[in-house]
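Next up: some structures, all given as structure tokens.
Here come two complexes built around chain A, the first alongside chain B, the second alongside chain C.
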Partner chain A sequence: MKKYISFFRLRLVTGLQYRTAALAGMATQFFWGFMEIMVFHAFYEADPAAYPMTMEATASYVWLQQALLAFFGAWMFEGEIFDIINNGNLAYELCRPIHIYDMWFARSIALRLSRAALRCIPILTVAAFLPKGYGLELPASAQAFFWFIVSLSLGLLVMISLNMLVYVASLFTISGDGLKILFCSVVEVLSGQIIPLPFFPEHVQRILELNPFASTGNVPFRIYSGNLSGQQMYRAILVQFIWLIVLNVVGRMIGARGERRAVVQGG
Partner chain B sequence: MKKKTSGLKLYLHYLAVVVKSAMQYKASFFMMAFGQFMVSFSVLIGVYYMFQRFSNVKGFTYSEVLLCFSIMLMEFTLAEIWARGFDTFPSMIRQGTFDRVLLRPRSEVLQVLGSKFELVRIGKVLQAIVMFVYGMTHVEVHWTAAKILTVVFMLIGGVGLFTGLFMIYAALSFFTLEGLEFMNMFTDGAREYGKYPFGVYGKRMLQITTFVIPYALVQYYPLLYLLDRTENDGFIFLPLLALWFLIPSYALWRYGVRKYQSSGS
Partner chain C sequence: MITMENVCKSYRIAKRNAGFTEACKALFHREYEEIHALRNVSFTINDGEMVGYIGPNGAGKSSTIKILSGILIPDSGYVTVDGRILWNSGTKVPLTKQERCSRIEHVSRIGVVFGQRSQLWWDVPVIDSFELLKDIYSISEPVYRENLEELTELLNLGELLRTPTRQLSLGQRMRCEIAASLLHSPKILFLDEPTIGLDAVSKLAVREFVKKRNQEHGTTVILTTHDMQDIEALASRIILIGKGQILMDGGLEDIKRGGESMDETLAELYRAYEI
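For the complex of A and B:
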């Protein structure tokens, strides 16, 4: 366990070095967040009655999504992992007295945490000062905030477990590019990143909420604003937990098989 | 004149080489193409479900937004296909391969354009075409010669505008040596948000997209003409006005080339 933790710390410190990139990223995310909110406002004006969430909750959702993009952005893979599969350095990785699944997992947590750490506080702070309906609201209640944190952590782990599936599948296909791009487009729709899940028609939403991708950002962001509470909230967190276990069991199984038959490329 | 035709021939030759090399990895190629197709398709899904709930946005209906989205996507995709070399240009700088380009007796812009032609984008193109045809046929527009001309101008202006943006992205890397992530919001971001007419984003945004980076000239205003929201025939030619953007872009590129100091090994 200790070696994974020290590896995690190493990657975290490395990730924290990219400050200019973080600054540029923040500017981009502000812009995206702003545009997104303007669209939602335009639709709100068209027909407030048809609006499935309050405008304030939608704005909070958008800002949380932008600030925590590093947690749930589908395209955020560790490029190096694909590289070592592709160029044969996987051999070294397999020689080490570590489990590659666990190490890649630790590495992914570090990557996402370090990216988010640099970006989320400034974005959230500024967003909090924007006018009502455009900015980030306070959490619905202290209790909601507590469950938000719980669900956020679970969501991050689910997201990484999903990434892990792509990594271990690449052990079979060698080139991860095709898998990666397919994965991204699926995630964006099914996890409510394109439009929040409540905006889908009710019967579609009911099915979508059970998919593993919906167990990422969708749940914590909606708990935060109080859109998801009580019985429904507990159920959603339970679903997150179940997916976390299922995905990891499956991922490890595929990983173990892949390791056994991995072909080392290059030389 | 002779130089021009041989320049085109060289560009086509570049393409042939790239196509051949892509076909060496067929499985990966088809998966990527399908993935590319899915990426813009997912945006469409979002728009579709929003309009299942709301009948219009700032007076634009679903089919009108679809027309807007499809034209914007087509402009972007065409520009991306042919100007993709600019997109990967930062790595060319970093690895020092741009030095070789400078040594050859051909225009450096041409060589950069030809250096990267990604066939996998066929998925995107296919999607853009499907969307385009769908958008054009499903909107209740009474098509006249003037309107078709407007669409053609929109495509020309849009491709020019995006090419200019790609060129700026590449030119900036002369100074920073790496690609700047924030430029994405002007290219990918514009395609993404250009799915709705820029009037939707409020007055301030419309001013910026008219006078600073002229997206609205290739999207919002001509769209108003297509949808009979304006009688002003001058709107037909507005998209061509967006081509002014190529001037500062090219100037910046020239400036970069002149300032260029080699890097890499």
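For the complex of A and C:
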């Protein structure tokens, strides 16, 4: 366990070095956040009754999503993992007494945490001071906040487990590009990153809520604003937990096979 | 002790001619060629030996090293390293999981350097990579201190340790790479072209170091290289491989002829075997 923790620590420290990237990222995310909220406002003013979430909850959802983009952004892969599979440096990775699945998992957590750490505080602080309906509200209740944290952690782990599937699949395909593109487009729609899932038609929603992609950012952000609570919330967290286990079992299985199959490229 | 018995390995490689039309054709019909990287390779290497494993490009040297490191599966053959059975693919009685040594257990006891790759983390100072390797191999603090001190002195790492890997020159990096693969005091060291691209001073330092390591710690060294001076300085035994087959296994004296330089001798040898 210690080896994975030290690796995690090293990667985290490295990730925290990129200050300029963080500033640029924040600027983009403010812009996106404002734009999205304007669009949602336009819809809201057209017909508030047809609106599945309150405007306040929607604004909170958008800001949390922007602040924690590094947690759930589907495209946030560790490029180096694809590189070593492609150019054969995987040989070195395999020459160390480590499980590559666990190593890559630890690495992905560190990557996302370090990126989020640099970006989330300023965004959340500014969003909290914006006028009602445009900014970030306080959590619905202390209890909601507690479950938000639980669900957020589970969501992060589910997201990384999904990434892991792409990594281990590229052990077979050698190039991860195609898989990445496919993965990103599917995740962005089905996880509620483009529009929150409550905005989908009800029967579509019922199916979407059970898929692993909805178990990433969708659940914690809705718990925060009180859009998801009580029985429904417990159920959603349970689904997250089940997906976390299923995805990891499958990912490890594919990984173990791929590791044995991956012909190490180059000299 | 290292033994390889009748090890075979072949790769399937898609081939096509140059050009756009050919590339389009390859979309529908792909020609594969079976490349036999290793054909019935057998040898035994005793503890404390220093073996030069030589052969022309594409002879199967790296494939052998990868199989011995436990990361490449041979198609058939029986491989043991220090009593650990790595592979016995293609035999009638396959090994159970308990009998076969796991990759993790095996690699924690060997050291590997691939001359054309890097195992150090690119963006952090070398010493951070070393500290991480300490945890990865679960090296105890006193052993780590002792090894690090010795390696730093012998390979003249001093100031390099605090420099990020990406800012090291090739020779400097290679010295750090070699140190990195010896921190856990492995009994067996695989060096795959360790002196590639090094200047005279670094080459001498690396050779001197490998020699010392072998004499003082009894480390078994298997070295692949194209630099015949490496072989002359280090190897007491030479295994020559060509087209996937072992062609010769013997001492330096066996191939050396009076007056000729090592490179000429080797070229002569390659020609004689038509490889």
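One rule holds for everything that comes next: the second predicted complex is superposed on the first by the 267 of 267 C-alpha atoms of A that agree within 3 Å, B and C clash if a C-alpha of one lies under 4 Å from a C-alpha of the other, contacts with A are read in each partner's own complex, and residues count from 1 in each chain.
By our rule, a contact is a pair of C-beta atoms (placed from the backbone, for glycine too) under 8 Å apart; a residue touches a chain by one contact, two chains touch by 3 or more.
Bear in mind the structure is a predicted one, so any value in this text is a computation, not a measurement.
Student: In the superposed model, does chain B or chain C contact more residues of chain A?
Tutor: Residues of chain A touched, chain B against chain C: more for B.
Student: Is A:Thr14 touching anything from chain B or chain C once the two structures are fitted on A? First, second, both or neither.
Tutor: The answer is second: A:Thr14 touches chain C but not chain B.
Student: Of the two partner chains, chain B (first) and chain C (second), which one does A:Tyr92 touch, if any: first, second, both, or neither?
Tutor: A:Tyr92: touches chain C, not chain B.
Student: Looking at A:Ile245, would you say it contacts chain B, chain C, both, or neither? Reply first, second, both or neither.
Tutor: neither
Student: Mind working out whether A:Ser6 is in touch with chain B, chain C, both or neither, as first, second, both or neither?
Tutor: Second partner only, chain C.
Student: When the two structures are overlaid on chain A, which partner does A:Leu179 contact: first (chain B), second (chain C), both, or neither?
Tutor: After superposition on chain A, A:Leu179 lies in contact with chain B alone.
Student: Is A:Ile121 touching the first partner chain B, the second partner chain C, both, or neither of them?
Tutor: It touches nothing on chain B or chain C.
Student: With both complexes superposed on chain A, which partner does A:Ala46 reach: first (chain B), second (chain C), both or neither?
Tutor: Touch partner of A:Ala46: chain B, not chain C.
Student: Classify the contacts of A:Arg260 with the two partner chains as first (chain B alone), second (chain C alone), both, or neither.
Tutor: It touches chain C, and chain B stays clear.
Student: Determine where on chain A the residues touched by chain B overlap those touched by chain C, and list them.
Tutor: none
Student: Spell out the part of chain B that touches chain A in their complex, as residue ranges.
Tutor: 25, 27-28, 30-32, 34-36, 38-39, 41-43, 45-46, 49-50, 52-58, 180-182, 184-185, 189, 193, 196, 200-202, 205
Student: Quick one: in the complex, what on chain A touches chain B?
Tutor: The touching residues are 21, 24-25, 27-28, 31-32, 35, 38-39, 42-43, 45-47, 50, 52, 173, 175, 177-182, 184-186, 188-189, 194-195, 199-201, 204.
Student: Considering only the defined contacts, which chain C positions touch chain A in the complex?
Tutor: Listed in rising order, the residues of chain C that touch chain A are 11, 62, 66, 69, 71-73, 103-105, 107-108, 110, 112, 114, 116-119, 121, 123-124, 128, 131-133, 135-138.
Student: For the complex, give me every residue of chain A touching chain C.
Tutor: Chain A residues touching chain C: 2-3, 5-7, 10, 13-14, 17, 88-89, 91-92, 94-99, 260, 263-264, 266-267.
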